[in-house]
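Below, each structure is written out as structure tokens.
In the two assemblies presented below, chain A is common to both, partnered first by chain B and then by chain C.
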Partner chain A sequence: MSDRYEVLILEAATNDVAKASLIVDIARDAIEAAQRAFTEFHSKNGGSPEHAHWDWTKKFQLTVDYELTYKMLGIECGGQVQGLMLIAVGKDCKIPSQKGKNLVYVDYLSAAPWNSKATTATPKYKLVGKVLLQAAVELSEDEGFRGRIGLHSLPQSETWYTNIGMTDLGKDTAYLNLKYFEMTPEQASAFQKG
Partner chain B sequence: MKMKVTKEWLLKNANRDQDLEVTAGFLVDEKLDAVYGRNKKEQEDQKEDIESRLTALAQLINIRRRIQGWTMEQLADKADVDLQDVVCLEKGIPVHLSVRTIHKLSGVLDLPHSGLLRLSGATVQRKDDFIEHALRFVARSQKETKTTRQEIKVFEEYVKFLAEEQGK
Partner chain C sequence: MAVTKKAMTLNLTDQEMAVLERMCDKKELSKTALIRQALRLYQLVDTRMEKGEKLFFEHEQTKEKSDLVLL
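== the complex of A and B ==
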């Protein structure tokens, strides 16, 4: 069953605040509708962000087959899914000082293509990805992991993860050389404060 | 869960990082294909492993609770967890449990914390004889209204195994 939380995102053109819902354990039909809309947008508008070929319905299957580990979260605004995130609960920390601790691993995260500058010159909403990442930190706190999260960044996002203070653990050869980042409890606290 | 997203937080982030994308994950779906491209037998084995873990967890909690002479409701009260979580756990129904819930239950029931975490699926499974031990425990313990001496013996042996696992 899905849980909804009221959150805020910004209209990209005006910086006006837009009320949105964060949906935890988003339902299959919402994912399927979102995937159809993402695919349609890509086919009409072109653009080729690195993650354009992701199939969120396939990722959703992980939450069914490994229900205790995976969760899918989405942000909905204006009746449409504006961004999605798949997380895995309880992976091991890699930062030496956090050895033996668990974290929430962000398996996949992206905004809808109409919110991405890689796809359109006029994005509709912004900060969707950042609010989703904030949700990952909150979930980590709920799990008793004190805000620890980890993720493999797509190349265009590396600077942002560095800017928000996450620890860069370098390129992961087991993961197509994507850089692996982790957030400690102290970094999570600083991120939440902004 | 609480979400602390304020207008100020948004605007501060928007002004600082307006041209940066926030994305994460494997570039293509190859990782998923690797997971789902496994042959059918491997997929079936994986499902059986999950069932074995959940059944062992259900049996473990059920027996310890009955040894204590508690109802499910009393266990939920003592551990300060949702009754629904206890009911699902004892019925082996997959339910997302927080680490905190497992921690509370292991404390009240005096069962090894990390063992319960592994059985619940909250921590990543290593490939070892963990599942085999879980299966053996399920196969040897019996569900009866009153716990039998044999059932307690099998239960204690399995708790000992979980405690030794924790020490590894």
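== the complex of A and C ==
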């Protein structure tokens, strides 16, 4: 069953605030509709962000098979899904000072292609990725993990994760050689305030 | 983002409670958070084993593997 929370994002053209819904445990039909819209946008407008091949309907199955571990969250605004995130609850921290503690692992996160500078020169909404990542931190707090989160970043997003204060633990040879980032409780607190 | 939860009473032996408290200290988790994490892990392992997968540990340095025997 999905839960909805009001969140705020920005109209990219005007910087006007837009009321949106954060949906936790987003339903399969909403994911399927979003995937169709993402695919249609890519085929009409081209652009090739590094995550263009992600199939959210396949990823959704993880939330069915392992319902306590995997959760899919989405941002909805103007009747459309504006971004999606798949998280895994309860993985282990890798930062030495946090060793033995648990975190929320952000498995996949992307804004809809019409909101991404990698796909269009005129994005529709801003802050979609940030609001989703803040939701991951909040879920981590709800689970008692004090806001700790971790993720592997695509090269196109490394600078952003560095800029929001996450710790860069370098390339992970065990996971596609992608850079692994983690957020400590202190970094999470600063991120939520920023 | 508080999700509605249901309360239950959990009866543990002294030994089980001691282990629970020790694990809570180590992981910096409340008893509820630790039990929820344990249930998540149990479901994850159980589902993967039902799919025919095998669970084992590998020593980081020696690469020695050992099966995990579940009850």
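Operating definition for what follows: the second predicted complex is superposed on the first by the 194 of 194 C-alpha atoms of A that agree within 3 Å, B and C clash if a C-alpha of one lies under 4 Å from a C-alpha of the other, contacts with A are read in each partner's own complex, and residues count from 1 in each chain.
Going forward, contacts are C-beta pairs under 8 Å (C-beta built on N, C-alpha and C of every residue); 3 or more make two chains touch, one makes a residue touch a chain.
Given the structure is predicted, the values throughout are model-derived calculations rather than measurements.
Chemist: If chain A is used to align the two complexes, do chain B and chain C fit next to each other or clash?
Modeler: clash
Chemist: Which partner does A:L176 contact after superposing on A: first (chain B), second (chain C), both, neither?
Modeler: The answer is first: A:L176 touches chain B but not chain C.
Chemist: Per the overlay, which chain contacts more chain A residues, chain B or chain C?
Modeler: The larger set of chain A residues in touch belongs to B.
Chemist: Scan A:Y66 for contacts with chain B and chain C and give back first, second, both or neither.
Modeler: In the superposition, A:Y66 touches chain B and chain C alike.
Chemist: Using the superposition on chain A described above, determine whether A:R146 touches chain B (first), chain C (second), both, or neither.
Modeler: Only chain C is touched by A:R146; chain B is not.
Chemist: According to the stated criteria, A:N102 is in contact with first (chain B), second (chain C), both, or neither; which is it?
Modeler: Both partners, chain B and chain C.
Chemist: Considering only the touch criterion stated at the top, classify A:G78 as touching first (chain B), second (chain C), both, or neither.
Modeler: After superposing on A, A:G78 lies clear of both chain B and chain C.
Chemist: Just chain B (first), just chain C (second), both, or neither: which does A:N15 touch?
Modeler: Touch status of A:N15: first partner only.
Chemist: Is A:G194 touching the first partner chain B, the second partner chain C, both, or neither of them?
Modeler: After superposing on A, A:G194 lies in contact with chain B but is clear of chain C.
Chemist: Touch test for A:Y5: chain B only (first), chain C only (second), both, or neither?
Modeler: both
Chemist: Report, in rising order, the residues of chain A that make contact with chain B in one complex and with chain C in the other.
Modeler: The overlap between the chain B and chain C interfaces on chain A comprises residues 3, 5, 22, 24, 65-69, 89-90, 102, 135, 138-139, 142-145.
Chemist: Which residues of chain B touch chain A in their complex?
Modeler: 1-14, 16-29, 32, 35-36, 46-47, 50, 94-100, 103, 117, 120-124
Chemist: Where on chain A does chain C make contact in their complex?
Modeler: Spelled out, the residues of chain A in touch with chain C are 3, 5, 22, 24, 65-69, 89-90, 100-102, 135, 138-139, 142-146.
Chemist: Spell out the residues on chain A that touch chain B in their complex, using ranges where they run on.
Modeler: Interface residues on chain A, with respect to chain B: 3, 5-10, 15, 17, 22, 24-25, 49-51, 53-55, 58-59, 61-62, 65-69, 71, 86, 89-92, 102, 106-111, 116-118, 126-135, 138-139, 142-145, 151-154, 156-157, 159-160, 163, 175-176, 178, 192, 194.
Chemist: Show me the residue ranges of chain C that touch chain A in the complex, using the header's touch definition.
Modeler: 1-3, 26-30, 32-33, 36-37, 39-41, 43-44, 47
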